[in-house]
Each structure stands twice: as C-alpha cells, then as structure tokens.
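Think of it as A, B, C and D in the order they're written, each chain with its own count starting at 1.
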Amino acid sequence: MSRLRIALIGAGRIGQVHAKNVAQSESAHLAWVVDVDRDAAQRLAERYGAQGTTEPRRAFDDDAVDAVIIASPTPTHVELIVAAANQRKAIFCEKPIDLDLDRVDDALEAVERAEVPFFVGFNRRFDPSFSRLKAQLATGRIGRLELLAITSRDPSPPSTEYLARSGGLFADMMIHDFDMARWLLGEEPVEIFATASTLVDPVIAELGDVDTALVTLRTDSGALCQISNSRRAAYGYDQRVEVHGAAGMLIAENAATNTVSRFTEAGLARDPAPRFFVERYAEAYRAELEHFVQAIRTDGLPLLVGPEDGRQALVLAHAAQEALSRRRAVPVPTRLR
Amino acid sequence: MSRLRIALIGAGRIGQVHAKNVAQSESAHLAWVVDVDRDAAQRLAERYGAQGTTEPRRAFDDDAVDAVIIASPTPTHVELIVAAANQRKAIFCEKPIDLDLDRVDDALEAVERAEVPFFVGFNRRFDPSFSRLKAQLATGRIGRLELLAITSRDPSPPSTEYLARSGGLFADMMIHDFDMARWLLGEEPVEIFATASTLVDPVIAELGDVDTALVTLRTDSGALCQISNSRRAAYGYDQRVEVHGAAGMLIAENAATNTVSRFTEAGLARDPAPRFFVERYAEAYRAELEHFVQAIRTDGLPLLVGPEDGRQALVLAHAAQEALSRRRAVPVPTRLR
Amino acid sequence: MSRLRIALIGAGRIGQVHAKNVAQSESAHLAWVVDVDRDAAQRLAERYGAQGTTEPRRAFDDDAVDAVIIASPTPTHVELIVAAANQRKAIFCEKPIDLDLDRVDDALEAVERAEVPFFVGFNRRFDPSFSRLKAQLATGRIGRLELLAITSRDPSPPSTEYLARSGGLFADMMIHDFDMARWLLGEEPVEIFATASTLVDPVIAELGDVDTALVTLRTDSGALCQISNSRRAAYGYDQRVEVHGAAGMLIAENAATNTVSRFTEAGLARDPAPRFFVERYAEAYRAELEHFVQAIRTDGLPLLVGPEDGRQALVLAHAAQEALSRRRAVPVPTRLR
Amino acid sequence: MSRLRIALIGAGRIGQVHAKNVAQSESAHLAWVVDVDRDAAQRLAERYGAQGTTEPRRAFDDDAVDAVIIASPTPTHVELIVAAANQRKAIFCEKPIDLDLDRVDDALEAVERAEVPFFVGFNRRFDPSFSRLKAQLATGRIGRLELLAITSRDPSPPSTEYLARSGGLFADMMIHDFDMARWLLGEEPVEIFATASTLVDPVIAELGDVDTALVTLRTDSGALCQISNSRRAAYGYDQRVEVHGAAGMLIAENAATNTVSRFTEAGLARDPAPRFFVERYAEAYRAELEHFVQAIRTDGLPLLVGPEDGRQALVLAHAAQEALSRRRAVPVPTRLR
C-alpha cells in the first residue's frame, strides 16, 4: 500500500508538530505545506521535502493529495473544510471546528455531502495514559462510571491578541475537557453548571473572559462530572483524569519529565511537569496522526473522533457559557440538525 | 498543673476513640463515661478507671469535672450543651451541633451566656497532612489560594437507620468538607451550587437523600472550591485536598497503610488505604483532644475550632440542599443571629 | 488477666520510648524505672506512676515484677540479664546483647538455665511496612527469596564518645540489618564479604571504625543479600528493604512524615523523612512491646525474637569485620556453643 | 550542512532500532544495510530507502559513506572496526567491543592509527532520567559522590545459544553497569568483589555462567559502589540508579509505561514497567544516535563515550569474574597498553 499523501494547512506551532509526525510516519508523505506566511510555508516544506505555497487551492487541486490537515487559525477552518470536502480529500481538522454552531453545521454538511472522512484533533484521546485509563474503564474492573473529575491547567495564558479571538475559555480551552468527558462518560451530559473567576490577569476580565473555571456535568443515568480549568499553573502543564465506579477508581496522574528524585535536608524534590502541550502530548500527536493515516488507508477502519464529536464539544462550551451567565444549571441542547 | 478531668458522653465508636485518647494523654484524666446503654458505659469506664453512668447529670454535677466531650447521637447534643454550659464545663462537641439552625443558635447562646470554651470536633483540621498543607499555604509559597478541591469518600454507606436520621449527605458527611473549605479558603463562601445522584443504594433515594454529590463554592474574592463526596469507595476511605495558588499547588494525598509495593507480572500493587475514619484519623483524634486539653488548661490559649465554625458548616449544608433542589447557585446566608 | 508488671532499666532515649509504651499498653504496668542517674530515673518514674531507683536489685527483688526491659548501655547488659534471669524475670533486652561473644554466651546460658523468656529488641521486625513485606513474602506471591537488598542510613553519626564504645559500625548499627537479613532470608548466611570507607568524619577513622559500608551475604541455597549502611543521610533516617523472588519484587519504601506535595516552578517538593529511629519506629516500638507483653502473659505464645537471634546477628557483625580486614569473603562460623 | 551518510552493519533487533533512528534523524541518512542474511538486509534497507548487501566491504568502499554503525554479533566487531577504520569511517560500535582484551586493543590501535572517531553504544548514558541524574550530581547539590547503587535486571534470560557465546553475565550484561558506574563515579574503581548464583535456570550453571550477581567496587577516594544484576524480573525490565553524597541522595526510579493507577478493594495497581531495552531505552537510542551524528558532523565536538570506555568496562567484567572465582576482592588492573 502506498503512503498517504498529505497537505498541511498551517505552518505554526501545531502545524510543525503534524509536519514532523507525517514525515516520520512510514505510511504517510508530506506533499504540501500551506501558510499565508510564504516563508514559513517554504521553510517547513523544505525541511520535509514537500512543496510550500500560500494557496490552499494548489494543494486541494493536486490529485496526488489524499488528505489535508487543517491547522490554521479557527476562523479559516470552515472555508477550508468545505473546499477540501469538495475536492474529496480526507480531512483532519484541529479543534474547534468553528466558534459558531451554524457555521460548524455548514462545514459538516459539506463533509456529509462529499462523504469524506472527517477527523477532529482531540489529541488527548490518544495520550498513552488517558487511552490506558479508557481501556481499563472498558474492562469493567471498576464498574460503571459514576463520577469523573478532569483537571486541566495551562502553564500561562496566551497573548491578549490570541485571547481576544479565542472564543473564551470554554470554547478554546475547556473544549478538550468536554470531549474527554463525553469520551469517558460514554453518554451525553444533559445538564451543565459553571462558575468562574478572573484571577490570573485583569486583561482577561476586560475581554469579558474568565481564566479559572469549574464546570459540573450530569448525565441521564446520574453520572456526575467536574471539570477544573485554569490558564495558569506555575509548576507546568497539568493534565489529570480521575474516574470512579462502584468497584473502584482510576487515576491518570500528570506526566513527569524524568524519574529522578533528589533527597536533601529540604526533603524530596522532582523536576516540573512537561512545559506545555507540545512536550506533554508529543506521543498523543504521533498516535492520532498514525490513527488518521491508517484509518484513511484502510477502507472501513472507522475514525475514532468524528464530526459529531467536534460539534458536541462546542455545544457544551456554549452551554457552559450560558450557565455561567445565568448562575444556574442549564440543559444541554439536544441535537436538532 | 493538674490533669484536666473529663466526662465523656457517648460510649459508641467515636466515644471509644476519645476515651482512649483521654486515657493516653498525660494532661487529661477520664472521670466519667455516660451512655444510655448502662453496660456500654460501664465497660468503657472500667477500661480506663472512670465511673460509668446513664445519667449525664451525675457528671455535670461533679465539681471535679472540668470538661465534657459530647459524642452521643446528634439529637441529644443541644440539651447536653445547655446543661454542660450551665454547669460551666468546657465543651467538646462532635459535629454537627444539631441539624436545626435555630436549635444550634439556642445551644450557642447558652454557651455564650455561660462564657464556657466550646470546641467542635472537626478532627480533620488536626490531621498531620492537612495541617501541614494549611501551614505550607500560610507561608505564601504558592501564593493566595485561588482554587480548592476536596475529595471525600466513605468506604460504604451507613445503615438505613442511621441514614434516616442523619440529616442527609450535606449535613452528615459533607459538613466536614464545608469546614475544611472554610478553614483553607480563609474567607466565607458567598455562593454555592450542588448537583447529586443516588448511585450507591436505591434505599437512599427512598429516604430522599443522595449518595454522590458535587458542590461548587465561590468567595467574594473569586476563589473557587469544588467538593466531591460519595458514600462509596471500594478501595478504602478516600480523603484528599488540593490547593492552587498563583505560584503553585499543594496536594495532600490519601493516606497509606504501609509503604510496601509488590511488583509482579501484573505490575505494581499496593495495599488499600486505611479502612475508615477511626484508622485514618487516629492521629488527628489524638491531636484534637490534646489541643482541646491544652487550650482549656492554659488560660487564654484560643480553641482552633469555635462555635461559629460549627454553625457555619451547617449553614453551608443547608444552602447546598437548597441549591440542589433549585438547580441553581444560591447565595450563602449572612449570619443574622 | 492482670497487667504485666515491668521494671525498666535505663531512662535514656530508648528507655523513655519503652516507658511510654508500657504506660499506654492496656496489658502492662510500669512498676520501676532504674537508672544510674537518680534524677533521670525519678523523673521518668513519676511521669508514669512508677518507682525510681538507681539500684537494679530493688526491681529484681520485687516479687511483683514480672519482666524487665534492659535499655541501659551495652556493657551493663550481661550482668543485668544474669541477675534478672536468676530472679526468674522475663527479659526484654536491647541490642546488642554484648559486644563479646563469650559474654553473650554466658548471658544466654543463664537465661537457658533459668528457663525465662528472652526477647531481643530488634524493633524493625515490628515496623508495619517491614512486617507487611515479610507477610507478603510468606504468601509465596513473588516466589522463593533470591535476592535481598537492605539500605540503612542514620541521619548523622553519634558522638565520638558513643562511637568509641559502640563496637564499630557492624556491631552497633548494621546489627539491625543482619537481623533483618536473617529474618527475611529464612536461612542462615554462610559467607560474608564487606567493604567500607570513612567518608563522614575523620574522627571515625581515628577510632579505627568506618562510617560507610557495603556487605554481601550468601546462603547455602544461593540466595544473595546486600546491605548498605552509612552514618549520614542529609535527608533524614533512611530505612528500606527490597526483596526479589522468581515471580517478582517487594519493596518497603522509606517512611514519610506526611502526604503533602508542593508543586511550584521548581517542580515537586515533599518534606524530609522522619528524623531518626524514635520517630520512624514509634509504631514498631509500640508493637514490639505489645508483642512481648502478650507473649509473656499468654503461656506458650512464642516470642518472635529469641536469644539465638541476638547472638547470630553479632556473629555476622564479627564476620563482617573479619572480611573487611582480610579483603575477602569469609565463612560465617557455625554455632558451636 | 549535508546529512551524515551511514552504513549499518547488522539488521537484527538492535540494528533495526538504529536504522529507524537514522531514518528519523534530520541530520543523517541511511545509505547501506549490511547483514549476512541477505533478506534481512534487503528488507530493512528497503524500508528506509537504503541499499542492502551481505558484503561490508561494499559499504566501506563507498566514498559517500561517512560513518558505520556496527551492530552485528560481538565476534565480528574487531574485524569490522579495523576495516572501517582503514577506510576512515567514523565508527559507532555496540558493546562489548570484543570479549578478548588483546583483540580489543588491536581494534583500538587501528582506530588510533586511522584517527577516526570511535563511539561505544553505552546507550544508558543517554537515558533522560540517568542523564538528568548525572546533571544533578554535577551541580554539587548532593555533594561529592560517596555511594552508588545500580540495579539492573533483564526480564528473562536470553537463549541458551546466545548465552553460550555471550562471554558470561559480567561481560554481556553487567558491562552496561560497569560503564554506568565509571561514568557516575567520576574516578576509576580500584578494587572489585563479586558474588553470584545460578537461580534462574540450571542450564546457565551448565554453561559455567551465573544469572544473579552482586558486585562491589571501591575507588581510591573511598567511594563505594554496588551493582545488582539478575537475568530475571517478572515485573519487566528493571533499571535503577541511586547516588549518595554528603548532602543527599539522587534516585532514578524505574520507568513506567503510563501514569494510570487503579484503586480497588485489592488496593492500588499499576501496569508493569517497559518490557525490555527496546521499549525502555527508545529515547536513549535516539539521543545516542543524534549525539553521534552531531559530533561527527561538527568538527571538534567530542564524543561522550570513547574507546577507553569500551575497554575499561571489559576490564572490570574480567576482574569481576576473577573476584568471583577467588572469592576475594581483587585489584582492578591499571591500563598498560
């Protein structure tokens, strides 16, 4: 079977991660790198023997391209999805699909119409520890899930510029946790509550956003979930999951950079956690890319994250925002597409 | 300085813990054991060289008694507090003072009028790990508290009989966590939200109670707190606290029964956590008793848990119940006594 | 059954530990405290309602005394053992029995002749973690023991005065580890090798002693054991055991003083280990005392540490010294008493 | 700077690891794969776009080849080293260089004569945790090294065929630990003692070899080192290092495959350690290859493992064998080349 030929849209931080993983995959080949910044596109393309361009169309029109990875800024996603779908490319899209639900639905309709595979980059599902936790949960060893606790803290807030266009903490940051919650709960949340503060930087309040938030979810079966987010963690990126069932608990602890402990008069000391997502989820990004590549190459192998996953995480983000404003639990809207 | 002479009311499980700690303290002496069950009173009294009786009055009327420990069922607390206060005994009362706020206020008025020292048995503040966490927080090393997460799970639900009179999960079980929250937050919660389920035993739903609950608190400064409770933990009593500040995080992990790890083909295995509160908080019970004894013997040494602490934890429990019914965040009532 | 009446010889640090444990035991009573320092004897005696004296004979001659705890300096042990045995007291003797093997044998003959119970204070066997490790080993879950590694490090060297009379690192300090090795190996070491250095304090070299030592043992079945000792551990008392069998490994990690972790920019930090043996082995001292008391009170309940255990640990200490001098493996002498 | 063109000799397990790492390096290119098994060479070559051959000479004669990686069976090393050196290729050789010290010296003379860079594959120095430990040791935070403990256990013995030609446990397996010891001690061991058993498989005894061994080293400054090896670890590959200095201890714990803990009635459970060296040292193999590539490409950048390191580890292995036979400490021979 020949390698999957991939066009990458977006040569920024996450685009570089994908480029490297495509290059190192034995089943994929990086054909194009597209970026509005011609130099960035060219540099990344050259590094892995691809062609660089500022024009997505050149990649979409290339019949030798099997799939596209959309890693450009969020506002560009929908148009790129539609264009790629029309050219019948398999699509790997970074989260969120878009901040506007109607536009998301437009994109997903195009995908549906074209019957192209569509994958959303919820990379955390592919983290070795989280996927091991999910697998252990699936064995039933701790019984049915009753309570889920997700902790997710960035090391520090992004730039004001980024924040201004981010869609807010729920859509930009907690969206990963909403996906994690849906994935682990195994049923849809039906009610949501949110409380939040601005404790990290007053500029975030000026933007009408929050930087510290607690969200509570409830499913029909009565399973409960709490999500804790902050834009700040002095000790490094913090990503933990805890699951309770009738017969026990599973915990995926935060990752460590090494196994060294130093014992002195002051006690025990260990190095900080991985700095941020590029370091922490290096293996997850590799695994998600490999999953996408193998699923596309193998007809019938289903993608583990589909269009509905991308849409429903956004629905939860919007509901959280509403719960926060109204200071009450709100129902999570049923899909009416 | 002579030993503090103590009358113990209640020869049940927690009464036995206190009796042993009084006996082992070098600063206290167990004078009376009072219990409606004459045999139980007698047995426990004999074990430590005290007198047994079914009549609290005998202990209260004994001028040689300096202090009373009230460890009898909750509905008896108020009457005993009033009687002990009137006899000018220092009072150590198990939580909750009462389930009814008006009755609590009656008791506290009697205490105030008699100007007797009054201590509520929030033993967890005296746990070596929680008090170490509090001390580290106080150093400012992690900055001002921004987010607090408390996990508290009993190994299994109490008897239906107990549950029926318990006042419900918030007043019976989470009350400890409300106290812990107030103690660590260092300011009063002003808003509370609660969601809950009955997942452990349908009989709990029949009693109108819940067995799994998530509560969210908010203070004026914007600090957030989440409390997670369950009446079930297959792996043993689970008691953890996590605190975040601008400069870092403190975690008090659950206690272990020993330090032995077994590595086999199956991986690593460790023994379960301590079974329940008697085992887990053995040291905390010793330390709280010693604190009470020393504070009473040393004029002017303040008690670390006072009447308001007992009252305010109950206020939060009631507010949680209301938030749960109304499915919305509710304000925490300001004291109007 | 009445309480076991105990006379304690030695009001020093370890004597105080035993006094407190006797006082707190529900099955024992502290009758006498004997010490050459009259004030020390008196103070400790008063604290627990015992009589103080400088004359061991007064305690030995007291028919109401059932047992003696010998916690005085090593050179006094043999004479005290013989005297106590002659008065038919049950004997609890701190390690080592004596530094001279002939004198040890004299003491043990007196014990044998008098047919009195004799217990050596190898407290570590009663540590909750080490005894749990032993119990897990006994289940056979990791198979027959093949390799044992013991790490034992004091926080800092004792005074020069103490060192000068200590009998050297092997007899004074590693003797505990020799007992641990014999206890866990379940068979006698037949060959021993030792290497050592003076790295902590030159005064130790001047005394002809060492402060850092590695010892290797071998049994007839081929099981191997390594013991690592140092008179210095900046991070607190260090006491660990690791056991390997065909099917796995057991590790008893060092004890912690609390479960609090602090995460900051610098990484994770925990408090140091317990400072020294009084703190670390508090529970072990309680348990060994309780075991001794129960065994003596219950006819036929065997003592878990007997005279041979005290003797054989010393034999190993002497053999280690010889191996160190000769720079070769030496056979461990067979008992020829 | 152009990529380093590499010829790989040996398409077995470790050869495959190197081939993949060369292919993924952005600074290297795999030009040749050489193996006596033509199919194996061809398959591996094709996978990474290299040429396959059974003839080392073809690779050595290729002027476009800058460096060779020798990952074929030990007995072939010397001849390949000499041939590669004569063609002025930079050399990366798997350990041990050879089992015979004279032959090692022949090889090293050829290397010296040709003045080609020579690197020995002591991959463990490049493990993120061990190199972090080394770096922390170098900061002086725990003071000068006084005691070193290395634990190294394979999951299960290799085939009898392999064992028969392995040179024995000391030269085949503990050689890695001898290198680790030299690297961390920072000075040469001057005395060595060894004790060992055959506990895993009687066939190993029949081969005159051992499968469980303890070795003790001593340096001139008095620093001590213990190495513990076994050919069996039911719980997975076990690789740990512990270092003591005057001011503290550093421990590099064994690696974990994920961070998931499962808590049930039975207690805590975690997955086994990585299975064997390919999994455990994946990152170390990558890092050592990258180090070799960068050092060769950058004139003057010294190789971190040189010919003497390969030689001296073997000297220690032979001395251990002698100590084992003679049951005594033996001096480690001074280099007289």
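Heads up, the rule we're going with is that a residue touches a chain if its C-beta (ideal position, glycine included) is under 8 Å from a C-beta of that chain, and two chains touch if they have at least 3 such contacts.
In this text, all values refer to a predicted model and were calculated from it rather than measured experimentally.
When the interfaces B-D and A-B are ranked by C-beta pairs in contact, the top one is A-B. Set against the C-alpha centre of chain C, every other chain centre is closer than that of A.
Put simply, the C-alpha centre of chain B and that of chain D have 58 angstrom between them. Separating the centre of chain A from that of chain B, both taken as means of CA atoms, is a distance of 42 Å.
Looking at chain A, one finds that residues 142, 234-235, 247-249, 263-265, 271 touch two or more other chains. The touching residues of chain D, counted against chain C in their complex, run 142, 146-147, 149, 151, 153, 191, 193, 195-200, 212-214, 216, 218, 222-224, 226, 228, 230, 232-235, 238, 244, 246-249, 326-329. Of all residues in chain C, only 24, 26, 47, 128-129, 132-133, 136, 141-142, 247-265, 271 touch chain B in the complex they form. Listing the residues of chain A that touch chain C in their complex gives 234-236, 263-273.
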